[in-house]
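By written order: A, B, C and D. Residues from 1 in each chain.
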Amino acid sequence: MPNANIAFLNDLLQSIGSRMRPGAVSKSSALSAEARLAEGCGALMRLGGEASQVVVAAQALAAFAELDDTAKLRFFQSLLDDYSADPAAIRAAYAAWESTQSEEDLEQLFKAVEPRRQALLRALNQAPGATLQLVRMRQDLLRLMREEPGLAPLDTDFSHLFASWFNRGFLVMRRIDWNSPAAILEKIVSYEAVHEIRDWDDLRRRLDPADRRCYAFFHPATGDEPLIFVEVALCQGIPDRIAPLLSERTQPGDEAPDTAVFYSISNCQPGLKGVSFGNFLIKQVVSDLSTELPPIRNFATLSPAPGFARWLSSVDEAEAQALAADLATGLWQTDSEECERLAPRVEAWAARYFTQAKTPSGAPADPVARFHLGNGASAHRVNWPADLAEGALKRAHGVMINYLYELDQIEARHEAFANDGTIACGPDMRRAVKAGTAPSA
Amino acid sequence: MPNANIAFLNDLLQSIGSRMRPGAVSKSSALSAEARLAEGCGALMRLGGEASQVVVAAQALAAFAELDDTAKLRFFQSLLDDYSADPAAIRAAYAAWESTQSEEDLEQLFKAVEPRRQALLRALNQAPGATLQLVRMRQDLLRLMREEPGLAPLDTDFSHLFASWFNRGFLVMRRIDWNSPAAILEKIVSYEAVHEIRDWDDLRRRLDPADRRCYAFFHPATGDEPLIFVEVALCQGIPDRIAPLLSERTQPGDEAPDTAVFYSISNCQPGLKGVSFGNFLIKQVVSDLSTELPPIRNFATLSPAPGFARWLSSVDEAEAQALAADLATGLWQTDSEECERLAPRVEAWAARYFTQAKTPSGAPADPVARFHLGNGASAHRVNWPADLAEGALKRAHGVMINYLYELDQIEARHEAFANDGTIACGPDMRRAVKAGTAPSA
Amino acid sequence: MPNANIAFLNDLLQSIGSRMRPGAVSKSSALSAEARLAEGCGALMRLGGEASQVVVAAQALAAFAELDDTAKLRFFQSLLDDYSADPAAIRAAYAAWESTQSEEDLEQLFKAVEPRRQALLRALNQAPGATLQLVRMRQDLLRLMREEPGLAPLDTDFSHLFASWFNRGFLVMRRIDWNSPAAILEKIVSYEAVHEIRDWDDLRRRLDPADRRCYAFFHPATGDEPLIFVEVALCQGIPDRIAPLLSERTQPGDEAPDTAVFYSISNCQPGLKGVSFGNFLIKQVVSDLSTELPPIRNFATLSPAPGFARWLSSVDEAEAQALAADLATGLWQTDSEECERLAPRVEAWAARYFTQAKTPSGAPADPVARFHLGNGASAHRVNWPADLAEGALKRAHGVMINYLYELDQIEARHEAFANDGTIACGPDMRRAVKAGTAPSA
Amino acid sequence: MPNANIAFLNDLLQSIGSRMRPGAVSKSSALSAEARLAEGCGALMRLGGEASQVVVAAQALAAFAELDDTAKLRFFQSLLDDYSADPAAIRAAYAAWESTQSEEDLEQLFKAVEPRRQALLRALNQAPGATLQLVRMRQDLLRLMREEPGLAPLDTDFSHLFASWFNRGFLVMRRIDWNSPAAILEKIVSYEAVHEIRDWDDLRRRLDPADRRCYAFFHPATGDEPLIFVEVALCQGIPDRIAPLLSERTQPGDEAPDTAVFYSISNCQPGLKGVSFGNFLIKQVVSDLSTELPPIRNFATLSPAPGFARWLSSVDEAEAQALAADLATGLWQTDSEECERLAPRVEAWAARYFTQAKTPSGAPADPVARFHLGNGASAHRVNWPADLAEGALKRAHGVMINYLYELDQIEARHEAFANDGTIACGPDMRRAVKAGTAPSA
């Protein structure tokens, strides 16, 4: 459908373009992209609900795409300066509301306070394919904000609109498999953020076998562009190492799977930062799989612990430093005795990291932990050595964590975590945490 | 896709429902629908971005559907009273902004001013199928507002959200034809608002012949529910009577069509009142048809003039009263001489109605004229007698108007009409208007 | 896909037609349709595997469509006379085979014996949309054969090819419901052969409710043209009257359905006479429904007994004549006592008809009985009064029969019926048959 | 659809299997695959048109898939021996026909002569997915026939049925592009027979650019399994080298394409040997492209000349041997002067090969030439050096030929070639041929 829309635009531009007053067209093409963008934005605010907005919006977005970073910065700055709310109107509306406190006057105040750039972004969004272009525009904004933090209020407007446009009710979950179009699959290859997909054979191993699944959220207005996807393996028991999940499928002789493992979840659109999809996606997959495959009883993750290595080296205790040093030798990777010797210590310190390392606001320091605990999952087990990929060694000495999604506990755990910061732990994790509270003992 | 979503919900409710704490479920089913709705809304505001919102929202909407009008009124009133903005927060945010005038403080003020019910409606919208249910909820609201006009501010919130959700960029135009699902076609039959479709044979005559077209806008989140549709006939020349368009197709011997006639456009969703689709739809059809069928050179309407009869009888001039009386006899329907005698007078008075009858704010009194002129169309011709259906006789003495959509003039005409109220007229119309300014001469 | 094919032909004819030697085209259009058809058939035999056969075949089929019955008869006769096998070639091949009895020579004999019209029909079938046109051609042939029985050998060629082309492996079963295209649904209305569908409301009652199903076989080369369809109702217990199945859906308060009733099965293509689909369709539906809806335990029909009335009036026994006379009064339709009085007699005589009335070859006289018993179903029960529609009264005095499809018995029953003519009867039927063997007692 | 069919089978086997008499099932699974196959074939012949054939056929095909080559040979031999026609029946039918010469008796003779294995193969074909399995079965047969040429008559039966089942009218042409399912694309990679596709990047270069196309024939019963595909490049002028077509797309600055080049055509199914698709495919692509892209005026190939090198070395003339020796040094690949020096001689000898090298039956010795000339194309030009890939050097010293498809000449050229062996040559080719008739001059 979005493709049809885009085809429509081309037709429209062509047919209208070729029939429109030649003066108008040739004049505007003579302008720089920056000037055309500014003019287009002005026209959009003027045109009200008029249908020609569609063409003007498309031309403005096309002009934006031609800009370099300097010009983009100027454009963003002009949105902040020229498309804000009108202070006089705010004051008048506030005064009116203050005197009546009526809902009607609140309504007027709301209109006066809304930055005009929100209306502008809504108007731009009318062009075919515009939604994805606006997501990419915010991606530019977030990048440029690193140097110009003053643009943050503009980002708030994007964020406000995207939360509405990318409402869960508008998202569509689709299964990705070996029958999906190559044009989608190459995006999966490129967006995979956790365990790199090296080539199409590697991709096939993740999608085609009967015990592998992949699901993504799409938005109707952004077409075949995945927003987020999760890779799932069906297996016997909750796995403690990533390697088998990334290689071949379960041997035919194996027992029937009883566990769905979410071993990779990747956000695809940096421009949608802060619009949360992951919790919805995981829970819909849990729900769909438990309906489709009743024998699947466990829904677990095998997740990285990306802050563990840095945290460990930052702990000012001899034991922690010793462990970090032992791990750094890499000896344990080939020497199974050394591995066995280190295992309890790694497990204890990882559990301590998991429960004691906090952000300034008191949340778990580990971002993956924050995500799953916030979703209402419980911490099931520390696994070591679980991931020997270079990045995983560097960031977490090869540690991975299982989180467990138990449908009948999700809500209670979410609330306990949100209200009191309670971290739900299963028996294995509790044991490790106990060891971790006195790791040097 | 929406069906898949709905199926998902059922699965979700079933699987979650059957696994959730039995206490919670049985307790809530014991409550009245009204109490469950209130509780659900409260929970939605509390739950933040949590995925269980999806289920809570679905339950709340299901509870709303059980309410009678009295309970609905109470619910709407509670949205107005309990989900407004917090005055203290507004005052604090305003004071902060007043002192700095910074964009950051404007942002905070915007958040403080936004009625909380907007967040509530966005949260409700997360349930599968919710968008259509919220459109229907506003339909209820509009109906009940006739007796309770104080609910208007709540309608403003719906209106604000719907303008964003039903942005042109999210709409999908689809052709409706004899291969469309019966489930869609029966909605076309039921929503047709201009020229009634009597039965499926009648419907087939409008959809199946090679010289008939029908196009509708759909929204991905409301699935197979058309939002608006337009019926088109391809013919030779701009037609002056409706009957041939509603009966059989152009005879095979006829010349190739050079004109696309929009003879009926129907809004399907009362709950989307004020969200404008018609102008977008007409212009996309014009654009698509001019690409697909280059021989089609004219894009015209054959439109009713619904206020003519009432206006004529209200004109305090002897000539007008005489004409109204002559028309009322109906003699002209059978007596061709009488018809010829009346024709110039009808045409002149219709043209006068068209150009001189105004709303208090100075716009044309005729709503159909406002729509097409506002879209940038020009008035082409008064046709009489053009529609002998009972309603058309009663409302317009059988008068119909052609409007012309000329792609290279649309923008200029729209702007002239919007800025100065200029009504673009073709030669035939100008002649009639001239006669109409001195109709008794 | 077939539509794409037809579009392709139009393109092809247009593009090739407009580029081909103008002489060839204008010359052939000057010929009569009959001459063009004859010339086209000749060209097809000459052209071997050449791609231009596609166009020639399309032109020949178009020419056939222009013929009247007289010309069609001549064409069929010419296929019989001019496209037979070559007697000399047969004799030579036979002599060669007789001397060697080798498989190679058998192969040559097979080629010599195959009537050349089979190759011609295969060549005609290469045109887009040809398969349906050939089915219609055979429909013409069957009609004209009533007067020209000598054409029967030509029908054998059609029959031989169709059995191969419409192999079960090529058929696709699709569910027909209220989301099916109107273009298919109107064919269902028109092809329904058992219980007339009066209008679209009637159609909707058969397709839309959750306890109604309809399934059809399609062939990829004949596109949206159904070959055969069956209507199914899901209900509690095996029904004894048709009326409730044709009216409203099961009341919400009813118990969950445990029975799927096949209450109407209609062949759509007279030109496919003798190519059996019905048994495959019923069994696939049984298989699909038993997988999809495990609570459905019974698969039964409610079937007409179309020969009962005629047979009863032909029985030269006083009791039969008396019953026929009593039934003819119609009194029983309004007088429940009379109805109760007649019921045992009707049931007994219907059972006798069912088991004793035979064709000359010894099969059951009732064609519906032959179909279901041949499929491996058993006779479950005589129902009276079960169908008060005019036709049903006339043909069967309102009697209907249930047949039962029991998956684990189908094969054994089919074999027993095929080998020994054994009619499988359930307890109710056996009781009725017992009463029927001495109906006057 | 075929997938749906296969899913159906699984359901069917499961549901029927689990409900059928346990004795029957367990007994048959105890048998060897070979015995089950033999038993299944026997049952299929016995069961007539019975629906349980579907399951029996599926089981028989599953049993065949388990056989090793020795067992397959035995099975094929048994088809030849045990499923032939009955000599006594042939003799009786022949005698009857000889005495009457009637069409009715010819019909009986036809039935008697048809080997019973054709009926068996049709019965096997009823199982879901069977058509592809039978194509693979013939692939096995063709392979084993190399050692057992006596199986040829069995191959004739396959060939006869496949010609009917894979009739042009049943084939569907689909465009293959970057939105096609990966499951289809990997088959394109694996089946490409002319210019190897090295990886997915290579594949993308052939499918995704706006000036590249790929089209394939599919059969509805074999689903996503391509039968044949052709790769097309759109370019300016008729190309003389393959390398640019296999690498990047036409540079943006280039002029608009006026030529469609068929640079690779690959049959995918060895089991469909002798069933001709290529001519139909090329002509449908020519037809579609000339409709879709009117500026495309030339339809040409860039084709290998696979027999040239062997033929050249076989020519018993000093000049030919000298040229072969010069070419074998490979010096010309790096030395442009040497290349220029050799070019006229290569061209002349290639043209002589093209026109004078013949098969025993007098057709061109080059198989690619036979294919395109037989399709009605003309020989346009010898190109050298045109393909430096290893295989092309070995087989043709790097020579490639352009063939030209001119719609208005195709039929006449096909007939002239078929009747008199006339090879149509364009001016360039004629000049080269003229030089080639006296190459040593």
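Simple rule for what comes next: a residue touches a chain if its C-beta (ideal position, glycine included) is under 8 Å from a C-beta of that chain, and two chains touch if they have at least 3 such contacts.
Everything numeric here is computed off the predicted structure, so don't read it as measured data.
When you average the Cα atoms of each chain and compare centres, the chain farthest from subunit C turns out to be A.
Averaged C-alpha coordinates put the centre of subunit C at 37 Å from the centre of subunit D.
With centres defined as mean CA coordinates, subunit C is found 48 Å away from subunit B.
Distance between chain centres (mean CA atoms), subunit A to subunit C: 57 Å. Across the assembly, subunit A contributes no residue that touches 2 or more other chains. Remark: the chains found to touch one another pair up as A-B, A-D, B-C, C-D. Residues 178-183, 185-186, 199-200, 204, 224 of subunit D touch subunit A in their complex. Residues of subunit D that touch subunit C in their complex: 1, 4-5, 8, 11-12, 14-16, 19-21, 48-54, 80, 84-85, 87, 90-91, 94, 97-98, 101, 103-104, 106-107, 109-110, 113-115, 122, 125-128, 130-131, 152-154, 156, 161, 163-165, 167-170, 172-173, 220-221, 276, 279-280, 282-284, 287-288, 290-291, 375-376, 407-408, 410-412, 414, 418.
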